[in-house]
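Per-chain numbering from 1; labels A, B, C and D assigned in written order.
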Amino acid sequence: MMHLLYQIFIDPFVQMAGAPDLLVQTLWEGFVGGMLYALIALGFVLIFKASGVFNFAQGIMMVFAALTMVGLYEKGVPAPLALLLAIGVMYLLAVAVERLILRPLVNQPDIMLFMATFGLTYVLIGVGELIFGGSPKEVPTAQLGLPKGAYDIHAFGGLVSLQKIDIAAALIASIMVAALAVFFQKTRIGRALRAVADDHQAALSVGISLNQIWVIVWFTAGVVALATGIMWGARSDVSFSLQVIALKALPVLILGGFTSVPGAIVGGLIIGIGEKLGEFYWGPLVGGGIDSWLAYAIALAFLLFKPEGLFGEKIIERI
Amino acid sequence: MFYREVGQFKTNYAADQAIFPIRQDRIGLALILLVAFIVIPLFGGEFLIASVMIPFLVLALAAIGLNILVGYTGLISLGAAAFMGVGAYACYKLSTIFPEVNIVVWIVASGFVSAAVGVLFGLPSLRIKGFYLAIATLAAQFFLQWCFQRVPWLYNYNTSGAIEVPTHTLFGVPVTGASATPVTRYYVVLTIVVGMTWVAANLVHGRIGRNWMAVRDMDIAAQLMGIRLLPAKLLAFAVSSFYVGVAGALMVFMWLGAAEPEAFNINQSFILLFMVIIGGLGSLIGSFLGAALIHILPIIVRMVPDALGIPIGAATVEHLTFIITGAMIIFFLVVEPHGLARLWAIAKQKLRVWPFPY
Amino acid sequence: MANAGRACDTFPKLMRMHAAERSDRPAFRHKDRGVWRTWSWRQAYDNVRGLAEGLREAGVVHGDKIAIVGANRPMLYWAVTAAQMLRAVPVPVYADAVADEMAFVLENADVKVAIAQDQEQVDKLLSIRDRLPHLTRIYYDEDRGLSDYDHTDLQSLESLMAAGSAALQKDSGLARAMDASIDHGAADDASIMLYTSGTTGRSKGVVLAAGRSVAAARDTVAFDHLNDQDSQLAYLPLAWVGDHYMNYAQAYVAGSCICCPEGPDTVQDDLREIGPSFYFAPPRVFESMLTRVTIRMEDAGALKKKMFDHFIAHARRWGESILNRQPVPLAARLHYALGEALVYGPLKNVLGFSNIRVAYTAGEAIGADLFSFYRSIGLNLKQLYGQTEAFLYVTAHPDGAIRAETVGLPAPNVHIRIADDGEVQFKSPGQFLHYYKEAEKTAETLTEDGYVKTGDAGFFEEDGQLRILDRAKDVGKLANGVIFAPKYIENKLKFFPNIKEAVAFGDQKDFVTAMLNIELTAVGNWAERNGVSYASYQELAGHPRVYELIKGHVDEVNAALAREPRMAGAQISRFLILPKELDADDGELTRTQKVRRSFIAERYAPLAAGLYDGSEIADISTEVTFEDGRKGVISGRVRIADLSPHAPASKERAA
Amino acid sequence: MSERETLLSVSNVSLSFGGVKAISDVSFNIAKGEIRAIIGPNGAGKTSMLNVINGFYHPQQGQISFNGVMRKRMKPYEAASQGIARTFQNVALFKGMSTLDNILAGRALKMHKSFFWQMFRYGPALDEEIEHRKFCEEIIDFLEIEHIRKAPVGSLPYGLQKRVELGRALAMEPTLLLLDEPMAGMNLEEKQDMSRFIIDVNQHYGTTVALIEHDIGVVMDLSDRIVVLEYGHKIADGTPDEVKSDQKVIDAYLGVAH
């Protein structure tokens, strides 16, 4: 018994202190993962804020977008053009979603829209696999101007290896987050998007129809998904197994709250880093693979104390 | 049109509160049971019984379980398959530890294990609501699935990592394993499903069902009427998990004969949720209809191209199934958000007031 | 059995017999608190005895008058029998009567005890109590809202009955006395007093004798083969002879079951639930039912509508022949059978008519179309002609010879003759004794040889069936001498679903005119379909397009009148649509919903004048009574429409 | 009125949401058997007051005692089990259920038969169900809603929904009945009906009623005493006549409305 307690509560920290380079390496990987989680979560937040839809398909949109780009490339389309085409496809998707799902389901309870995004998930999986096949694909990083290789830094009493693609991912993620923040705060459309979350009438007064706003939001979320998908893909491969990773963005949302951009970032980092640390230092105790659920457990633990998330608005129930 | 309700008056509350107050419904139900218990075993082929009816019944039972939670109590769960897994593994362990006990007893008992686990994962439901709760149930899904993979004790340290069902007998007749005939397995499944459906109907039509629905429709008002949310929700989790767990045990023991942890993955959870949504939230009939549609659809997708002579790969069939399922969900949500059950209710209402339109 | 030999010539004796012979058969049902409470003949009889004993102890004796005010409730029917058991005379009063009307009846009848259904009726009774010196006690059935009332002279029937039953239980002497009281009941006892609706003038209390009532009911029960397997829905006013005869008297004779609906809003549902085998309704009920059928079918899908119309057309062609067991080609029969499965059967099911063996309509003339519609879908609907003074039946349709225009052959043991001036006169087994306290009126109504003057003009058709034209004194002549039968014309108008009420004028005038009421449901529905917007009944009634619509109907009536030689000269030349619905509360209709023509002519004098002075618009301002009893004034301009008459059918075409 | 026993007393209650004061230092009491109205302009804190009374909100300051018992933080279901029932400003019926089931749901506290019997809908469970159905039928009869007994409440007109909601509250056999704008959105006739029901409930069942209502005419007719709130403060408290002639009330409220 004592041994078990020791293994849980003491030993991991001894390990961390004993090999700081490994700790830093783990933290870095957690950080990069966290940034990407944050990016996926951001897609959710965008859509939730503007249309009140909890878009379960966000994860699959990421896979679908990346798959479209890579699939087109594999079919002989030059990479930059494939990227542009993929962006175009995401636009078409946004239009289709607005037409076929949002518009007919407007005024239905939120749960209905949530369920509809399940349907969307399935359709996207089916279509993606039907057209591009189910086998994993490699992202043409070079053609997209993404770096390869790693910087090896000798520090913390050992070797810390920073993959260049990870650095690029972290940078791009940061840039996108910043860009979105600026977009929301400073631009007219961005303000309209924020307004629409609170009051549909207010949005109309800005001169943009609700339907246009939905298209814009879904398109933006699609572009974010594309970027995220390429990053993840570049780190591993593009395949539908990425979808499970996308699901990890959900605990991020719980943590950060559905409506908060900073929440998505902080939540992403907490989950990303917590998960890596947990898997690396505690995972072996129970046979490993705990990263499949650890993120949820962390989020759940937070949730029990703060049901509205870290940055969510305090819920005052009115009757 | 077939309903002739004139003269069907009730002289006491017991008759008026009956689950099937209309005589024609009772006759219809009796006919369905007659077909299920006699016609299908007598005239159904092995394919119909083993590949259509048994899976349909098992999935319907799971859908009823999930419907109790999602449809009747309004708590979304994305982890139903994991609870099927709990039932399956519990039954597996129980029957290997005590092989001499009747397997049907263990199938039912495994429901209790599932219910207990369900209550555990239902605890956060008091503080967490709506989408947050839906995501929280994913924790159950991933954690339990991880257990099935990583806890060797659960699968008796088999090298394959899968569980396989040995032969068990009931009154000397093999009911599980390779030597059990489909008809025997069908009867076991059918009896359990019919019995449990009856119990579910009793529950949802009584005080407990009303409390669940009150919590679902307006939890604040429910509280102010003295309904305590946590017990009501936990009971829903327990009953739901019980049903789903028994369905899981039936799935492995009566249908597949063996299972890997992947059988209980998140996709299976989604499929169950689809059955409930397409079938109709808050409807037992809907659970059956949804299960029938979602289970039978792929069979048809597979058979149609064959029948038309179009060669089509197994992978393509799967992709098409995905697309059709997804499109169908969207279609149903747009056209009839309350699912097949509502269509059935509308059709029934039309028949009752025929020739009037409403 | 003690009473087997004795003839049952009173209702208490009949009830005692049923209690013995079919003690467990249902006698009464009442949908109360959501389910059909049922009382067997035995239970009902015991309850009645309890009530009777309670009333006796309260001092009710032979000859006392007991008012009964309320909707159809077993308890109130029992009160009727309980009164009869004591040889007192029950006086049912229309439940929707306003306090003033009620005061008249109760005062006139010297009522000693009043039995009320609920708080509403008790309130009315208390408000008129000063005018009723003989009234000693009030009993009520439903206690809601009454607990705080002064109970000195007020008591619940429930407790009265309980006390009475307990007393009978305890004291066998009392029980024997009650038996004796039943035995003492004699055929010529006054059994009930029903007030006429008073189409003309004040209402009169018609006193009916027990023996005659039972005898009349026996005849018709045999005529229609009613027995203890039958059931009927009692939803018509207790005070109306129709209810007293059809439900009370016939059920007591046949031993069938009286079913009381839950409330006025649920009659249609309750009818469907109980599925009676015998049904009685005035034409307006059948009419509004058909209107609803038509309106609901308007909303049906094109295919279903087509199917419905097709089979209804087929039924109109063959249905009555099939019902009348006349020879019909096999193909048509099969076609009809298919229709029965697809349309008629389900339609009868939703209307609650599936189990009906015999249905009657009476009280007013019924439109031929309306009448044959129900018959064509297989409902054995028949017409009867009668009045309170006859204890309802004078004539009735025999099976197999049923025509909408006639009211049938004389009922068993009824003698009918047409007086020289065309008035129908009869002598019947159920015939009344006299008008209460109105010897003069009684004498006026009876001929010297004991026939009753009906006041209706009519004649016998060749097959011996009676045909009623109108109230004899209403039949007038136009200035040019043409016969003018207002009711005849009004009925033709009212057969259109869009027209609710019609009042025709023309006596001593140059031409015929009419004031109409539109039927809000039907016309409102039409308006919705045709994009006619309106904010109020008044606006809809005055809408030019509604005038056009109604004008079409009036024109059709004219065309029909033109085909009848006797009536061709009495076509409608001008009409208007009244801006408000005629209402019994305003005195424009009787409580049985018959129009009071002269009253209306007076009340709407400017309009009546407008109809004849050629003006296109007339102004009117009139008082109305709202639902809650408040009064208000409706005023406005009413348009008057002109029509050109049709040429009478030429002799050549007729030949 | 003063000699009547106090059923509920609210002392110095303050409530705020994230710094915004909804109720500031309000005290008043409700006597047994009376009809007590709480009136005031929109946003005066009336609904919040009801929410405090039935334990849905917890005041930061002040105390509430019910039936002589001081209470601290109370859960809504505890308030319910002590006999406080409630209707809502925006009808809060169980939309997926019939009228009858809604009212039966109001009997939740009185039904106890075990899960075991419920499973079979037999024996004690069925007996209990029938017993409570009987009780609910009395309410249905009382409120004259027989014709919509089996109708899904979502499809009913607003006025009837309000009536069903009252029925559901009555099913709890409450000692204190809180009505939040029972006549909002009703026409004259429906208002008269509702007033009659409220008076009947009060007189014949002896139920104490506290109600919020905007129709001043109705309030003056119905209530024994009235509390007037404005911006979370109590500005008047007394009989209808006293309140009507109170200058502060006239300035703040009545003057505007009339």
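Everything that follows uses one rule, which is that a contact is a pair of C-beta atoms (placed from the backbone, for glycine too) under 8 Å apart; a residue touches a chain by one contact, two chains touch by 3 or more.
Since this is a predicted model, take the numbers as computed values, not measurements.
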Intersection of the contact lists for chain C and chain D: B
Identity of the chain that, by mean CA position, is farthest from chain A: C
Comparison of B-D and B-C by number of C-beta pairs in contact, larger one: B-D
Between chain D and chain B, distance of the C-alpha-averaged centres to the nearest whole Å: 41
Distance between the centres, which are taken as Cα means, of chain C and chain B, whole angstrom: 56
Averaged-CA centre spacing for the pair chain D and chain A, given as whole angstrom: 47
Chain centre separation in whole Å, for chain C relative to chain A (CA means): 76
Residues of chain A touching at least two other chains: 317, 319
Chain C, residues touching no fewer than two other chains: 34
Per-residue multi-chain contacts in chain D, two or more chains: 56, 88, 92, 133-134
Chain B to chain C touching residues, read off their complex: 1, 3-13, 15-16, 352-358
In the complex with chain A, residue positions of chain B that touch it: 76, 124, 127-132, 134-136, 138-139, 142-143, 145-146, 149-151, 220-221, 266, 270, 273-274, 277, 315-316, 318-330, 333-334, 337
Residues of chain C that touch chain B when the two form their complex: 29, 31, 34-38, 272-275, 293, 296-297, 299-301, 304, 307-308, 342-343, 345-350, 352-355
Chain D-facing residues of chain B, complex: 12-14, 16-17, 19, 199, 202-203, 205-208, 210-211, 213-214, 216-218, 220-229, 235, 282
Parts of chain A lying in touch with chain B, wherever the complex brings them together: 54, 100-101, 104-105, 108, 110-112, 114-116, 118-127, 129-130, 134, 244, 247, 250-251, 253-254, 258, 286-290, 292-293, 296-297, 299-300, 303-304, 307, 309, 317, 319
